[in-house]
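Both complexes shown next keep subunit A, but they swap its partner, so subunit B is in the first and subunit C is in the second.
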Partner chain A sequence: MNDRYDSVILHFVARVVMIPLIVVFGIYVLLHGELSPGGGFQAGAIVAAALLLVRLALGNRQAALQIPQGLLIWLACIGLGIYMFGGILPLILGANFLDYAPIPVEWYNKFAGEDRTPRAMGILIIEVGVFLGVASVLVLIYDLIAGSSRQ
Partner chain B sequence: MIWWLELSLFGLLVVAALIALSVRDMIAAVATLSVYSFLAATLLALMGAVDVALTEAALGAGVTGVLLVGAVSVVDRRTPD
Partner chain C sequence: MSIAGTVLIALGLAFMVITALGMIRLPDFYSRVHAVSKSETLGITLVLFGLILHEGATMVSLKIGLILVFVAVANPVGAHLLTRAALRTGQMPWRRGDGG
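And now, the complex of A and B:
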(Lines of atoms letter the chains of each structure in order from A and count residues from 1; the text may use other names and numbers.)
(Lines give C-alpha, C1' and ligand atoms only; values in the text may rest on other atoms or scores of the structure.)
Protein backbone atom coordinates (compact mmCIF):
# COMPACT_ATOMS: atom_id res chain seq x y z
CA MET A 1 0.00 0.00 0.00
CA ASN A 2 3.03 2.26 -0.11
CA ASP A 3 3.34 1.98 -3.87
CA ARG A 4 1.82 4.23 -6.46
CA TYR A 5 -0.67 2.46 -8.73
CA ASP A 6 -0.49 3.91 -12.23
CA SER A 7 -3.98 4.17 -13.67
CA VAL A 8 -5.26 7.24 -15.47
CA ILE A 9 -8.87 6.69 -14.43
CA LEU A 10 -7.95 6.21 -10.76
CA HIS A 11 -5.78 9.30 -10.69
CA PHE A 12 -8.33 11.48 -12.51
CA VAL A 13 -11.25 10.40 -10.31
CA ALA A 14 -9.19 10.74 -7.13
CA ARG A 15 -7.53 14.10 -7.65
CA VAL A 16 -10.02 15.94 -9.87
CA VAL A 17 -13.44 14.60 -8.83
CA MET A 18 -13.42 13.07 -5.36
CA ILE A 19 -10.83 14.87 -3.24
CA PRO A 20 -11.90 18.52 -3.85
CA LEU A 21 -15.54 17.51 -3.40
CA ILE A 22 -14.87 15.72 -0.10
CA VAL A 23 -12.76 18.58 1.27
CA VAL A 24 -15.39 21.20 0.36
CA PHE A 25 -18.12 19.08 1.97
CA GLY A 26 -16.00 18.65 5.10
CA ILE A 27 -15.46 22.40 5.43
CA TYR A 28 -19.20 22.97 4.87
CA VAL A 29 -19.97 20.51 7.68
CA LEU A 30 -17.46 22.33 9.90
CA LEU A 31 -18.75 25.86 9.27
CA HIS A 32 -22.43 24.94 9.66
CA GLY A 33 -21.83 22.70 12.65
CA GLU A 34 -23.62 24.78 15.26
CA LEU A 35 -26.88 24.97 13.29
CA SER A 36 -27.13 21.78 11.22
CA PRO A 37 -25.97 18.18 11.74
CA GLY A 38 -22.22 17.93 11.84
CA GLY A 39 -19.46 19.65 13.69
CA GLY A 40 -15.77 19.51 14.31
CA PHE A 41 -15.47 15.77 14.79
CA GLN A 42 -17.48 14.82 11.71
CA ALA A 43 -15.73 17.42 9.54
CA GLY A 44 -12.37 16.18 10.76
CA ALA A 45 -13.28 12.60 9.89
CA ILE A 46 -14.47 13.62 6.41
CA VAL A 47 -11.34 15.66 5.62
CA ALA A 48 -9.18 12.84 7.01
CA ALA A 49 -10.97 10.47 4.62
CA ALA A 50 -10.02 12.78 1.73
CA LEU A 51 -6.36 12.86 2.84
CA LEU A 52 -6.37 9.05 3.17
CA LEU A 53 -7.74 8.86 -0.37
CA VAL A 54 -4.70 10.85 -1.52
CA ARG A 55 -2.48 8.37 0.26
CA LEU A 56 -4.25 5.32 -1.17
CA ALA A 57 -4.46 6.56 -4.76
CA LEU A 58 -1.17 8.39 -5.25
CA GLY A 59 1.11 6.42 -2.95
CA ASN A 60 2.68 7.37 0.33
CA ARG A 61 5.76 9.06 -1.05
CA GLN A 62 3.87 11.68 -3.01
CA ALA A 63 1.39 12.18 -0.17
CA ALA A 64 4.22 12.66 2.34
CA LEU A 65 5.40 15.57 0.21
CA GLN A 66 1.95 17.10 0.67
CA ILE A 67 1.74 16.82 4.47
CA PRO A 68 4.75 15.31 6.26
CA GLN A 69 4.40 13.49 9.56
CA GLY A 70 5.96 16.22 11.71
CA LEU A 71 3.50 18.76 10.37
CA LEU A 72 0.63 16.40 11.31
CA ILE A 73 1.82 16.29 14.91
CA TRP A 74 2.12 20.09 14.96
CA LEU A 75 -1.40 20.47 13.50
CA ALA A 76 -2.85 18.20 16.20
CA CYS A 77 -1.10 20.26 18.90
CA ILE A 78 -2.34 23.51 17.33
CA GLY A 79 -5.87 22.08 17.36
CA LEU A 80 -5.58 21.33 21.07
CA GLY A 81 -4.24 24.84 21.60
CA ILE A 82 -7.19 26.40 19.77
CA TYR A 83 -9.58 24.38 21.93
CA MET A 84 -7.83 25.55 25.11
CA PHE A 85 -7.84 29.12 23.79
CA GLY A 86 -11.60 28.88 23.25
CA GLY A 87 -11.99 27.61 26.80
CA ILE A 88 -9.67 30.05 28.55
CA LEU A 89 -10.70 33.20 26.65
CA PRO A 90 -14.06 33.49 28.53
CA LEU A 91 -12.13 32.86 31.76
CA ILE A 92 -9.98 35.92 31.02
CA LEU A 93 -13.04 37.98 30.07
CA GLY A 94 -14.69 37.26 33.41
CA ALA A 95 -16.99 34.26 32.90
CA ASN A 96 -16.73 30.54 33.62
CA PHE A 97 -14.55 28.07 31.71
CA LEU A 98 -16.07 27.37 28.25
CA ASP A 99 -18.88 29.87 28.87
CA TYR A 100 -18.96 31.69 25.54
CA ALA A 101 -21.25 34.58 26.49
CA PRO A 102 -18.61 37.38 26.86
CA ILE A 103 -16.69 36.57 23.64
CA PRO A 104 -16.55 39.78 21.54
CA VAL A 105 -18.21 39.32 18.14
CA GLU A 106 -18.93 42.89 16.99
CA TRP A 107 -15.68 43.18 15.03
CA TYR A 108 -16.37 39.85 13.32
CA ASN A 109 -19.95 40.74 12.45
CA LYS A 110 -18.82 44.09 11.04
CA PHE A 111 -16.03 42.39 9.09
CA ALA A 112 -18.02 39.48 7.68
CA GLY A 113 -21.44 41.11 7.48
CA GLU A 114 -23.01 38.30 9.51
CA ASP A 115 -25.25 38.25 12.55
CA ARG A 116 -23.40 35.79 14.74
CA THR A 117 -24.08 35.43 18.46
CA PRO A 118 -21.20 35.05 20.96
CA ARG A 119 -22.16 31.44 21.65
CA ALA A 120 -22.07 30.54 17.93
CA MET A 121 -18.65 32.20 17.76
CA GLY A 122 -17.39 30.18 20.73
CA ILE A 123 -18.72 26.92 19.27
CA LEU A 124 -16.99 27.76 15.99
CA ILE A 125 -13.63 28.30 17.75
CA ILE A 126 -13.97 25.00 19.64
CA GLU A 127 -14.95 23.15 16.47
CA VAL A 128 -12.00 24.45 14.48
CA GLY A 129 -9.75 23.05 17.22
CA VAL A 130 -11.52 19.67 17.23
CA PHE A 131 -11.40 19.58 13.42
CA LEU A 132 -7.62 20.08 13.29
CA GLY A 133 -7.01 17.52 16.03
CA VAL A 134 -9.25 14.77 14.65
CA ALA A 135 -8.17 15.15 11.00
CA SER A 136 -4.44 15.17 11.70
CA VAL A 137 -4.53 12.34 14.26
CA LEU A 138 -6.53 10.06 11.95
CA VAL A 139 -4.08 10.65 9.08
CA LEU A 140 -1.17 10.17 11.51
CA ILE A 141 -2.52 6.77 12.62
CA TYR A 142 -2.68 5.65 8.99
CA ASP A 143 0.85 6.92 8.31
CA LEU A 144 2.26 5.01 11.28
CA ILE A 145 0.44 1.78 10.29
CA ALA A 146 1.50 2.06 6.64
CA GLY A 147 5.07 2.88 7.66
CA SER A 148 5.26 -0.37 9.60
CA SER A 149 3.75 -2.60 6.88
CA ARG A 150 5.94 -5.13 5.10
CA GLN A 151 4.93 -4.39 1.52
CA MET B 1 -44.06 1.82 4.29
CA ILE B 2 -41.06 2.92 6.35
CA TRP B 3 -41.23 0.06 8.86
CA TRP B 4 -40.45 -2.70 6.35
CA LEU B 5 -37.58 -0.60 4.99
CA GLU B 6 -36.09 -0.37 8.48
CA LEU B 7 -36.75 -4.07 9.09
CA SER B 8 -35.06 -5.17 5.86
CA LEU B 9 -32.09 -2.86 6.56
CA PHE B 10 -31.81 -4.39 10.02
CA GLY B 11 -31.90 -7.89 8.52
CA LEU B 12 -29.12 -6.94 6.10
CA LEU B 13 -27.18 -5.49 9.06
CA VAL B 14 -27.34 -8.80 10.94
CA VAL B 15 -26.40 -10.75 7.79
CA ALA B 16 -23.40 -8.46 7.16
CA ALA B 17 -22.24 -8.84 10.77
CA LEU B 18 -22.49 -12.66 10.57
CA ILE B 19 -20.59 -12.74 7.26
CA ALA B 20 -17.86 -10.48 8.71
CA LEU B 21 -17.51 -12.88 11.63
CA SER B 22 -17.45 -16.09 9.62
CA VAL B 23 -15.41 -15.24 6.52
CA ARG B 24 -11.81 -16.51 6.36
CA ASP B 25 -10.23 -13.76 4.23
CA MET B 26 -9.37 -10.71 6.34
CA ILE B 27 -9.79 -8.22 3.48
CA ALA B 28 -13.27 -9.61 2.83
CA ALA B 29 -14.03 -9.26 6.54
CA VAL B 30 -12.95 -5.60 6.44
CA ALA B 31 -15.12 -4.96 3.37
CA THR B 32 -18.12 -6.60 5.02
CA LEU B 33 -17.51 -4.55 8.15
CA SER B 34 -17.65 -1.41 6.00
CA VAL B 35 -20.97 -2.62 4.59
CA TYR B 36 -22.18 -3.16 8.18
CA SER B 37 -21.16 0.37 9.15
CA PHE B 38 -22.88 1.89 6.14
CA LEU B 39 -26.10 -0.01 6.86
CA ALA B 40 -25.91 1.13 10.49
CA ALA B 41 -25.46 4.72 9.30
CA THR B 42 -28.51 4.41 7.04
CA LEU B 43 -30.55 2.99 9.92
CA LEU B 44 -29.46 5.84 12.22
CA ALA B 45 -30.35 8.43 9.58
CA LEU B 46 -33.77 6.80 9.13
CA MET B 47 -34.34 6.97 12.89
CA GLY B 48 -33.55 10.69 12.90
CA ALA B 49 -30.09 10.72 14.45
CA VAL B 50 -28.42 12.49 11.53
CA ASP B 51 -25.41 13.58 13.58
CA VAL B 52 -24.56 10.04 14.66
CA ALA B 53 -25.23 8.79 11.13
CA LEU B 54 -22.75 11.29 9.69
CA THR B 55 -20.08 10.17 12.16
CA GLU B 56 -20.79 6.50 11.49
CA ALA B 57 -20.65 6.94 7.71
CA ALA B 58 -17.41 8.94 7.80
CA LEU B 59 -15.59 6.99 10.50
CA GLY B 60 -17.08 3.50 10.38
CA ALA B 61 -17.45 3.08 6.64
CA GLY B 62 -14.55 5.27 5.53
CA VAL B 63 -11.60 5.71 7.86
CA THR B 64 -11.89 2.47 9.85
CA GLY B 65 -11.90 0.39 6.67
CA VAL B 66 -8.70 2.04 5.47
CA LEU B 67 -7.03 1.64 8.88
CA LEU B 68 -8.06 -2.04 9.08
CA VAL B 69 -6.71 -2.71 5.57
CA GLY B 70 -3.45 -1.17 6.75
CA ALA B 71 -3.47 -3.43 9.80
CA VAL B 72 -4.19 -6.51 7.63
CA SER B 73 -1.18 -5.66 5.47
CA VAL B 74 0.97 -6.00 8.63
CA VAL B 75 -0.43 -9.38 9.80
CA ASP B 76 -1.35 -12.49 7.78
CA ARG B 77 -4.19 -12.10 5.34
CA ARG B 78 -5.79 -15.52 5.86
CA THR B 79 -6.87 -16.63 9.29
CA PRO B 80 -7.21 -20.29 10.40
CA ASP B 81 -10.38 -19.83 12.49
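And now, the complex of A and C:
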Protein backbone atom coordinates (compact mmCIF):
# COMPACT_ATOMS: atom_id res chain seq x y z
CA MET A 1 0.00 0.00 0.00
CA ASN A 2 0.96 3.59 -0.56
CA ASP A 3 3.01 4.94 2.37
CA ARG A 4 0.60 7.79 2.77
CA TYR A 5 -2.27 5.48 3.75
CA ASP A 6 -0.22 2.91 5.63
CA SER A 7 -1.46 1.71 9.00
CA VAL A 8 0.04 -0.54 11.64
CA ILE A 9 -3.42 -1.91 12.46
CA LEU A 10 -3.85 -3.04 8.88
CA HIS A 11 -0.41 -4.65 8.89
CA PHE A 12 -1.10 -6.56 12.07
CA VAL A 13 -4.56 -7.75 11.07
CA ALA A 14 -3.55 -8.71 7.55
CA ARG A 15 -0.41 -10.50 8.65
CA VAL A 16 -1.58 -12.26 11.81
CA VAL A 17 -5.32 -12.83 11.36
CA MET A 18 -6.50 -12.53 7.80
CA ILE A 19 -3.94 -14.05 5.47
CA PRO A 20 -3.25 -17.29 7.40
CA LEU A 21 -6.97 -17.82 8.02
CA ILE A 22 -7.85 -17.27 4.37
CA VAL A 23 -5.14 -19.64 3.14
CA VAL A 24 -6.18 -22.38 5.58
CA PHE A 25 -9.82 -21.99 4.57
CA GLY A 26 -8.86 -22.15 0.89
CA ILE A 27 -7.01 -25.42 1.38
CA TYR A 28 -9.97 -26.78 3.37
CA VAL A 29 -12.27 -25.93 0.47
CA LEU A 30 -9.84 -27.60 -1.93
CA LEU A 31 -9.57 -30.86 0.02
CA HIS A 32 -13.34 -31.15 0.48
CA GLY A 33 -13.99 -30.50 -3.20
CA GLU A 34 -15.35 -33.91 -4.15
CA LEU A 35 -17.57 -34.34 -1.08
CA SER A 36 -19.10 -30.95 -0.32
CA PRO A 37 -19.56 -27.50 -1.88
CA GLY A 38 -16.17 -26.31 -2.97
CA GLY A 39 -13.45 -27.44 -5.28
CA GLY A 40 -10.43 -26.32 -7.17
CA PHE A 41 -11.77 -23.15 -8.72
CA GLN A 42 -13.28 -21.83 -5.51
CA ALA A 43 -10.20 -22.69 -3.45
CA GLY A 44 -8.02 -21.04 -6.07
CA ALA A 45 -10.10 -17.87 -5.92
CA ILE A 46 -9.91 -17.82 -2.10
CA VAL A 47 -6.14 -18.30 -2.00
CA ALA A 48 -5.76 -15.70 -4.75
CA ALA A 49 -7.71 -13.32 -2.51
CA ALA A 50 -5.17 -13.95 0.28
CA LEU A 51 -2.25 -13.28 -2.08
CA LEU A 52 -3.95 -10.11 -3.35
CA LEU A 53 -4.40 -9.01 0.27
CA VAL A 54 -0.64 -9.35 0.69
CA ARG A 55 -0.15 -7.16 -2.37
CA LEU A 56 -2.67 -4.53 -1.27
CA ALA A 57 -1.89 -4.36 2.44
CA LEU A 58 1.82 -5.06 2.75
CA GLY A 59 3.07 -3.58 -0.49
CA ASN A 60 4.39 -4.86 -3.78
CA ARG A 61 7.94 -5.27 -2.56
CA GLN A 62 7.02 -7.80 0.12
CA ALA A 63 4.63 -9.52 -2.26
CA ALA A 64 7.38 -9.86 -4.83
CA LEU A 65 9.61 -11.37 -2.16
CA GLN A 66 6.87 -13.82 -1.26
CA ILE A 67 5.85 -14.95 -4.74
CA PRO A 68 7.59 -13.24 -7.67
CA GLN A 69 5.92 -13.01 -11.04
CA GLY A 70 8.08 -15.64 -12.69
CA LEU A 71 7.07 -18.15 -10.04
CA LEU A 72 3.41 -17.36 -10.73
CA ILE A 73 3.82 -18.29 -14.39
CA TRP A 74 5.58 -21.49 -13.39
CA LEU A 75 2.80 -22.38 -10.92
CA ALA A 76 0.14 -21.83 -13.58
CA CYS A 77 2.01 -24.13 -15.97
CA ILE A 78 2.48 -26.76 -13.22
CA GLY A 79 -1.26 -26.63 -12.51
CA LEU A 80 -2.03 -27.25 -16.16
CA GLY A 81 0.50 -30.09 -16.13
CA ILE A 82 -1.15 -31.72 -13.11
CA TYR A 83 -4.53 -31.51 -14.86
CA MET A 84 -3.11 -33.14 -17.98
CA PHE A 85 -1.43 -35.78 -15.82
CA GLY A 86 -4.78 -36.55 -14.19
CA GLY A 87 -6.32 -36.89 -17.63
CA ILE A 88 -3.61 -38.93 -19.31
CA LEU A 89 -2.85 -41.30 -16.41
CA PRO A 90 -6.08 -43.31 -16.96
CA LEU A 91 -5.29 -43.32 -20.68
CA ILE A 92 -1.96 -45.00 -19.91
CA LEU A 93 -3.61 -47.44 -17.51
CA GLY A 94 -6.02 -48.58 -20.20
CA ALA A 95 -9.21 -46.52 -19.83
CA ASN A 96 -10.64 -43.43 -21.49
CA PHE A 97 -9.31 -39.91 -21.12
CA LEU A 98 -10.30 -38.53 -17.65
CA ASP A 99 -11.90 -41.88 -16.71
CA TYR A 100 -10.52 -42.30 -13.20
CA ALA A 101 -11.56 -45.89 -12.54
CA PRO A 102 -8.14 -47.60 -12.97
CA ILE A 103 -6.15 -45.12 -10.86
CA PRO A 104 -4.34 -47.09 -8.12
CA VAL A 105 -5.36 -45.94 -4.63
CA GLU A 106 -4.42 -48.89 -2.40
CA TRP A 107 -1.00 -47.44 -1.54
CA TYR A 108 -2.57 -44.11 -0.65
CA ASN A 109 -5.28 -45.65 1.51
CA LYS A 110 -2.70 -47.76 3.34
CA PHE A 111 -0.51 -44.67 3.80
CA ALA A 112 -3.22 -42.23 4.91
CA GLY A 113 -5.62 -44.63 6.59
CA GLU A 114 -8.59 -43.55 4.46
CA ASP A 115 -10.82 -45.46 2.09
CA ARG A 116 -10.74 -43.18 -0.91
CA THR A 117 -12.20 -44.47 -4.14
CA PRO A 118 -10.30 -44.15 -7.44
CA ARG A 119 -12.77 -41.56 -8.68
CA ALA A 120 -12.32 -39.39 -5.59
CA MET A 121 -8.57 -39.67 -6.09
CA GLY A 122 -8.82 -38.60 -9.73
CA ILE A 123 -11.07 -35.68 -8.86
CA LEU A 124 -8.58 -34.60 -6.20
CA ILE A 125 -5.71 -34.65 -8.73
CA ILE A 126 -7.76 -32.54 -11.17
CA GLU A 127 -8.81 -30.14 -8.41
CA VAL A 128 -5.21 -29.57 -7.31
CA GLY A 129 -4.30 -28.68 -10.89
CA VAL A 130 -7.24 -26.31 -11.24
CA PHE A 131 -6.40 -24.78 -7.84
CA LEU A 132 -2.81 -23.95 -8.80
CA GLY A 133 -3.84 -22.62 -12.20
CA VAL A 134 -6.69 -20.43 -10.97
CA ALA A 135 -4.83 -18.99 -7.98
CA SER A 136 -1.69 -18.08 -9.88
CA VAL A 137 -3.46 -16.75 -12.97
CA LEU A 138 -5.76 -14.51 -10.92
CA VAL A 139 -2.79 -13.01 -9.06
CA LEU A 140 -0.92 -12.70 -12.35
CA ILE A 141 -3.80 -10.76 -13.92
CA TYR A 142 -3.78 -8.38 -10.96
CA ASP A 143 -0.01 -7.92 -11.20
CA LEU A 144 -0.13 -7.16 -14.91
CA ILE A 145 -3.03 -4.71 -14.60
CA ALA A 146 -1.65 -2.96 -11.53
CA GLY A 147 1.73 -2.62 -13.20
CA SER A 148 3.88 -4.11 -10.48
CA SER A 149 5.64 -6.32 -13.01
CA ARG A 150 8.76 -4.16 -13.13
CA GLN A 151 9.83 -5.16 -9.63
CA MET B 1 -32.14 -21.64 23.77
CA SER B 2 -34.08 -21.18 20.56
CA ILE B 3 -36.00 -18.24 22.01
CA ALA B 4 -32.78 -16.57 23.14
CA GLY B 5 -31.35 -17.05 19.65
CA THR B 6 -34.41 -15.48 18.06
CA VAL B 7 -34.23 -12.52 20.43
CA LEU B 8 -30.56 -12.00 19.58
CA ILE B 9 -31.26 -12.17 15.84
CA ALA B 10 -34.08 -9.63 16.19
CA LEU B 11 -31.81 -7.33 18.20
CA GLY B 12 -29.09 -7.63 15.56
CA LEU B 13 -31.55 -6.81 12.79
CA ALA B 14 -32.65 -3.74 14.76
CA PHE B 15 -29.02 -2.60 14.90
CA MET B 16 -28.72 -3.10 11.16
CA VAL B 17 -31.81 -0.99 10.56
CA ILE B 18 -30.25 1.74 12.72
CA THR B 19 -27.11 1.44 10.59
CA ALA B 20 -29.09 1.94 7.38
CA LEU B 21 -30.86 4.91 8.95
CA GLY B 22 -27.49 6.40 9.90
CA MET B 23 -26.16 5.95 6.37
CA ILE B 24 -29.06 8.01 5.04
CA ARG B 25 -29.48 10.60 7.77
CA LEU B 26 -25.98 11.50 8.93
CA PRO B 27 -24.38 14.51 7.20
CA ASP B 28 -20.81 13.63 6.22
CA PHE B 29 -18.42 10.79 5.48
CA TYR B 30 -16.92 10.42 8.94
CA SER B 31 -20.17 10.14 10.83
CA ARG B 32 -21.48 7.69 8.24
CA VAL B 33 -18.44 5.47 8.63
CA HIS B 34 -18.90 5.74 12.37
CA ALA B 35 -22.46 4.47 12.05
CA VAL B 36 -21.51 1.64 9.74
CA SER B 37 -18.46 0.40 11.60
CA LYS B 38 -19.89 0.29 15.11
CA SER B 39 -23.52 -0.64 14.89
CA GLU B 40 -23.20 -2.86 11.84
CA THR B 41 -20.45 -4.91 13.45
CA LEU B 42 -22.56 -5.30 16.56
CA GLY B 43 -25.63 -6.17 14.50
CA ILE B 44 -23.97 -8.89 12.46
CA THR B 45 -22.26 -10.24 15.57
CA LEU B 46 -25.62 -10.55 17.32
CA VAL B 47 -27.24 -12.22 14.30
CA LEU B 48 -24.45 -14.78 13.98
CA PHE B 49 -24.45 -15.42 17.72
CA GLY B 50 -28.19 -16.01 17.58
CA LEU B 51 -27.65 -18.50 14.76
CA ILE B 52 -25.06 -20.30 16.91
CA LEU B 53 -27.60 -20.54 19.75
CA HIS B 54 -30.17 -21.94 17.31
CA GLU B 55 -27.73 -24.51 15.98
CA GLY B 56 -26.28 -25.80 19.25
CA ALA B 57 -22.79 -27.24 19.63
CA THR B 58 -22.17 -28.66 16.15
CA MET B 59 -19.61 -28.30 13.39
CA VAL B 60 -21.86 -25.77 11.64
CA SER B 61 -21.90 -23.48 14.67
CA LEU B 62 -18.10 -23.69 14.82
CA LYS B 63 -18.00 -22.45 11.24
CA ILE B 64 -20.46 -19.67 12.07
CA GLY B 65 -18.19 -18.73 14.96
CA LEU B 66 -15.26 -18.47 12.56
CA ILE B 67 -17.30 -16.19 10.30
CA LEU B 68 -18.14 -14.13 13.39
CA VAL B 69 -14.47 -13.66 14.30
CA PHE B 70 -13.66 -12.84 10.70
CA VAL B 71 -16.34 -10.16 10.37
CA ALA B 72 -15.69 -8.70 13.82
CA VAL B 73 -12.03 -8.23 12.90
CA ALA B 74 -12.40 -7.13 9.28
CA ASN B 75 -15.21 -4.60 9.60
CA PRO B 76 -13.57 -2.15 12.07
CA VAL B 77 -10.25 -2.39 10.24
CA GLY B 78 -11.94 -1.51 6.96
CA ALA B 79 -13.65 1.48 8.55
CA HIS B 80 -10.35 2.57 10.09
CA LEU B 81 -8.62 2.48 6.71
CA LEU B 82 -11.43 4.36 4.98
CA THR B 83 -11.44 7.21 7.50
CA ARG B 84 -7.66 7.37 7.52
CA ALA B 85 -7.48 7.64 3.76
CA ALA B 86 -10.25 10.25 3.75
CA LEU B 87 -8.50 12.37 6.40
CA ARG B 88 -5.17 12.23 4.61
CA THR B 89 -6.67 13.19 1.27
CA GLY B 90 -8.15 16.32 2.87
CA GLN B 91 -11.79 15.43 3.41
CA MET B 92 -13.03 17.96 5.99
CA PRO B 93 -15.43 16.94 8.77
CA TRP B 94 -18.91 18.43 8.76
CA ARG B 95 -19.55 21.49 10.96
CA ARG B 96 -22.73 23.16 12.06
CA GLY B 97 -23.90 25.48 9.32
CA ASP B 98 -22.33 23.59 6.42
CA GLY B 99 -25.73 22.46 5.22
CA GLY B 100 -26.44 18.92 4.12
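By definition in this document, the second predicted complex is superposed on the first by the 141 of 151 C-alpha atoms of A that agree within 3 Å, B and C clash if a C-alpha of one lies under 4 Å from a C-alpha of the other, contacts with A are read in each partner's own complex, and residues count from 1 in each chain.
Everything that follows uses one rule, which is that a residue touches a chain if its C-beta (ideal position, glycine included) is under 8 Å from a C-beta of that chain, and two chains touch if they have at least 3 such contacts.
Since this is a predicted model, take the numbers as computed values, not measurements.
Of the two partner chains placed around the shared chain by superposition, subunit B is the only one that A:L138 touches, whereas subunit C remains out of contact.
Of the two partner chains placed around the shared chain by superposition, subunit B is the only one that A:G38 touches, whereas subunit C remains out of contact. One of subunit B and subunit C touches more residues of subunit A, and that partner is B.
Once the two complexes are overlaid on the shared chain, A:I73 sits clear of subunit B and of subunit C alike.
In the superposition on chain A, A:A112 contacts neither subunit B nor subunit C.
After overlaying the two complexes on the shared chain, residue contacts for A:L56 are found with subunit B alone; subunit C is out of touch.
Within the superposed three-chain model, A:I46 lies in touch with subunit B and out of touch with subunit C [touch as defined at top].
Using the contact criterion defined above for the overlaid structures, shared-chain residue A:V24 touches neither subunit B nor subunit C, since it reaches no partner.
Overlap of the subunit B and subunit C interfaces on subunit A: none, as no residue is touched by both. Residue ranges of subunit A in contact with subunit C, taken from their complex: 4-5, 7, 9-10, 13, 17-18, 21.
Subunit B contributes residues 50-51, 54-55, 58-59, 62-63, 66-67, 69-71, 73-74 to its touches with subunit A in the complex. Residue ranges of subunit C in contact with subunit A, taken from their complex: 66, 70, 73-74, 77, 80-81, 84-85, 88. Listed in rising order, the residues of subunit A touching subunit B in the complex are 1, 29, 37-39, 41-42, 45-46, 48-49, 52, 56, 138, 141-142, 145-146, 148-151.
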